[in-house]
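Both of the next two complexes hold chain A, though its partner changes from chain B to chain C.
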Partner chain A sequence: MSIRIITPGLSTTVQDLGRPGYYHIGIPLSGAMDMLAAQSANLLVGNPEGAALLEVVFMGPEVEFQRDATVAVTGAELPPKINGEERPTWTSFAVKKGDVLSFAFLKKGARAYVAISGGIDVPVVLGSRSTYTLGALGGFEGRKLAAGDVLPLGEAGNIREGRTVPEALRRSPGSPAELRILTGIYWHRITEASGRQFLADTWKVAPEADRIGYRFRGGKPLDFVTREPPFGAGSDPSNIVDACYPYGSIQVPSGTEPIVLHRDAVSGGGYFMVGAVISADMDLIGQLQPHMPARFEAVTMEQALLARNDRSRLIDRIRQALA
Partner chain B sequence: MKTRYSFGGDEHIFVECDEEMSLQAFFKSLSITNAVKEAKIAGVTEICPANASFQIKFNPDVIAPEDMLKELKEIETSAAKGKSVLKTRIIEIPVYYNDPWTHETLMRFRERHQDPTSTDIEYTARINNLDGVDGFIKAHSGAPWFVSMVGFVAGLPFLYQMVDRARQIQSPKYLRPRTDTPRLTVGHGGCFGCIYSVRGAGGYQMFGITPMPIYDPNQKIKYLQDFMCLFKPGDIVKWRPIGRDEYDATVADVDAGKFAPVMRDVTFSLDEFQADMNGYNAKLMGALK
Partner chain C sequence: MAKHLLSPLPGTFYRKPSPDAPFYKDVGDTVAQGDVIGLIEVMKSFNEVRAEQAGTITAFLADDEEPVMAGQPLVELG
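Here is the complex of A and B:
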């Protein structure tokens, strides 16, 4: 029982909720970049929230079903079609053996999540089915999907079609996207005026935006506090002795273009960081398209935790709506 | 050496043991992270030691950030009283210096290098006042290195040479990063050595290549069947220069499942090391014989 990839789309990978615990040897969390959307998709088709599904970027694949199933597409507005006939997003629908799922053009967002009842049953590697392409690990053969791939499906429970996530419970970034951050880590390396400017500027998502990290450009270059380079750091003012990079951390190589690390983060390196995006806003980054405007808004730890609670309550409400 | 704490978002605490690299800073990072591991604090999900710093990832729904910070500071105080003694292992890594594959790659990206007229080894030898390629190989392989961090990508070790600061090899990174580096390249940037665990982009100088895989996501290689990454922070590495014949023979042995790395359990004492670096290193390396 499986699905067959007819055309793969731009960069379609198998993801779940991730692979914590191995960052200390350079293996990142991985997992869906927009967790809320991924969990919603699984709930819609009656899967456990952590079942493996497809993460689709910008352009959809064509997929043939080799058994009956229930399917839901959430996240980006990438309208699904069954045998050419459009289906709603954020809503579960039935497919029959032999049906072909394809997609219309992307209308909004960046990443769509395709959950199939039973989940995608690739092997569990280090506790997760997520794909980490840089390390050729997990997912389907450790890579993005290609034409002709056949992915096994798990056993499905009850068929649940026509269920929908109410619009009020679907979260997506505004324009400009407001990304809340806690300043810190090496924030003291830049001048006070430069810090204020960083937060005041409107940035644009650069074309180099993927699962490893999102790059932004268009703001003013940062001014550094002068220093004698510490031994082992390197001579550029943005260099540090190679250190760990938190998920969500914002590094600014040479002080020009901030990069926010995401689920496939490189685990460490030699660039200073001005802080990190709060956990509640990481989902939003996964839905940003290149050239979209974005701002970094400094918040306190208390505000970050309130936002985190709001996000947990939102998941609870989605669970209740689909119970 | 003043410890500096900072939150990294609401899920991380980033701790800088020292701004500059030293064996003491690395040891402090390793002993605190080991103590955090032993403390089994509910809510801690990832413990990541680095060269002169470390990072703890935690779930703020389980432990409040301020409580997490307090726990860490208490552990720092008690870890500082402990002896800097580490039960670890020394691993011998065969290196084919000046090999044809990294040579082909460094020639391909020569315009991105500080000195397009010489190779990475020649350049690094010169700026470190070493006597040509041979002098470089002697210095590089003559004393052991600490694995002071594992990361960037899966299983990649950062290595810090266990010699006086004055003798440490230093080199800048490429002016612009390469888009390609052969798998298992032995590289160097700043004061750190590394082994590229996978093929890919890179900015470190390239000195040679090892025939010994250090990362196997499919876990087919015998010595990587227990775990897919060879290195852990705190491992000690000794490079052993080899030539083309041994390189080819080792690659064949790896493919045939016959290769076993040479590694021995050792105990490392920072105090004893600092009292007599050369003598202590000789003793450590003697364990490999």
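Here is the complex of A and C:
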């Protein structure tokens, strides 16, 4: 029992909630960039929240079902169609064996999550079914999907069509997107005025932004405090002695274009980081299209932890709404 | 009614294959279904935009190097 990929879209991958625990040896978290949307999609079709699903970026695939199933599409507003007939997003619907799922043009957001009852039953690698394409690890053969791929499905429970995540429980970035950050241990490397400017500027998502890192441009280049490079650091003022890169950290190579490291990021290197996007706002980054405006807002650790609690409560409310 | 060729992706639209190459197509050119009319740059890749219908180009509705949204009209066909 499976699905067959007719056309793959731009970059469709199998993802779940990721592969934490190996970042210290260079294997990134991977998993859905918008976790809330992925969990919602699974709950809509009656799957465990961590079941493997499809992450679809900007352009939808065409998929043929080789058995009956319940399907839900969440995250980006990428309207699904069954045999050419449109279906709602954030709502579960039934498909029959032989049906073809396709998509209309993207209306809003960047990544849609396609959950299928039973989940996608690719092998578990290091505790996860997520695809890490750079490392050719996990997912379907460690790569993005291609035409002709046949993906096995797990055993499905009861049909759960017609269930919806209430609109109040769907989270998406505003315009400009407000990304809350904690400034970090290298903040002192830039001047006070430059730090204020960084937080005041409106940046734009660069077209290169992907699962590894979200690059932004359009703000003023950073001014560094002059120094003698410490032993082991490169000569560029943005260089540091190699250090760990946390998930969500914001590096600014040569002080020009901030890059927020995301689910498929490298785990260390020699660029200074101004800080890190708080965990509660990482989902929002996954929904940013190229050229969209974004701002960074500094918050305290206490505010970051409150935001993390708010996000946990939101997941609880989604669970209750779909129980 | 004018027909439009739409962008399949959000990103940056390019009308030529490389900076010093000529445009793929110009106003007045005919396009056949499947002809490349430009590129969309997104996620470190350049994706060809192919005409989904045939016709004669009467206008470009997006400029070279212009940011575009998915579903945005790029070309008007007469």
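Note that in this section the second predicted complex is superposed on the first by the 323 of 323 C-alpha atoms of A that agree within 3 Å, B and C clash if a C-alpha of one lies under 4 Å from a C-alpha of the other, contacts with A are read in each partner's own complex, and residues count from 1 in each chain.
In this text, a residue touches a chain if its C-beta (ideal position, glycine included) is under 8 Å from a C-beta of that chain, and two chains touch if they have at least 3 such contacts.
Not measured: the values here are computed from a predicted model.
Is A:Phe231 touching the first partner chain B, the second partner chain C, both, or neither of them?
first
If we overlay the two complexes on their shared chain A, which of chain B and chain C does A:Ala147 touch? Say first, second, both or neither.
Neither partner.
Pick one for A:Phe58: touches chain B only (first), chain C only (second), both, or neither.
In the superposition, A:Phe58 touches chain C alone.
With the two structures laid over each other on chain A, which partner does A:Ser249 touch: chain B (first), chain C (second), both, or neither?
The first partner, chain B, only.
Given the touch rule stated above, what does A:Tyr23 touch, chain B (first), chain C (second), both, or neither?
It touches chain B, and chain C stays clear.
Once the structures are superposed on A, label A:Ala200 by its partner contacts, choosing first (chain B), second (chain C), both or neither.
Neither partner.
Is chain A touched at more residues by chain B or by chain C?
With both complexes superposed on chain A, more residues of chain A are touched by B.
Could you list which residues of chain A make contact with chain B in one structure and with chain C in the other?
Residues common to the chain A contacts of chain C and of chain B do not exist here, since the sets are disjoint.
Sort out for me which residues of chain A touch chain C in the complex.
Counting only chain A, the residues touching chain C are 10-11, 57-59, 105-107, 110, 207-210, 289-291.
Mind listing the chain B positions that touch chain A in their complex?
Contact set of chain B toward chain A: 6-12, 14, 16, 19-22, 45-55, 57, 60-61, 65, 149-156, 158, 165, 172-173, 189-192, 197-198, 200, 215, 217, 228-229, 231-233.
Show me the residue ranges of chain A that touch chain B in the complex, using the header's touch definition.
It is residues 20-27, 125-126, 132, 134-138, 142, 181-182, 184-185, 187, 230-235, 240-244, 246-249, 266-270, 273, 275-280, 301, 304-305, 308, 312 of chain A that touch chain B.
Can you list the chain C residues touching chain A in their complex?
Listed in rising order, the residues are 6, 8-12, 41-44, 47, 67, 69-71.
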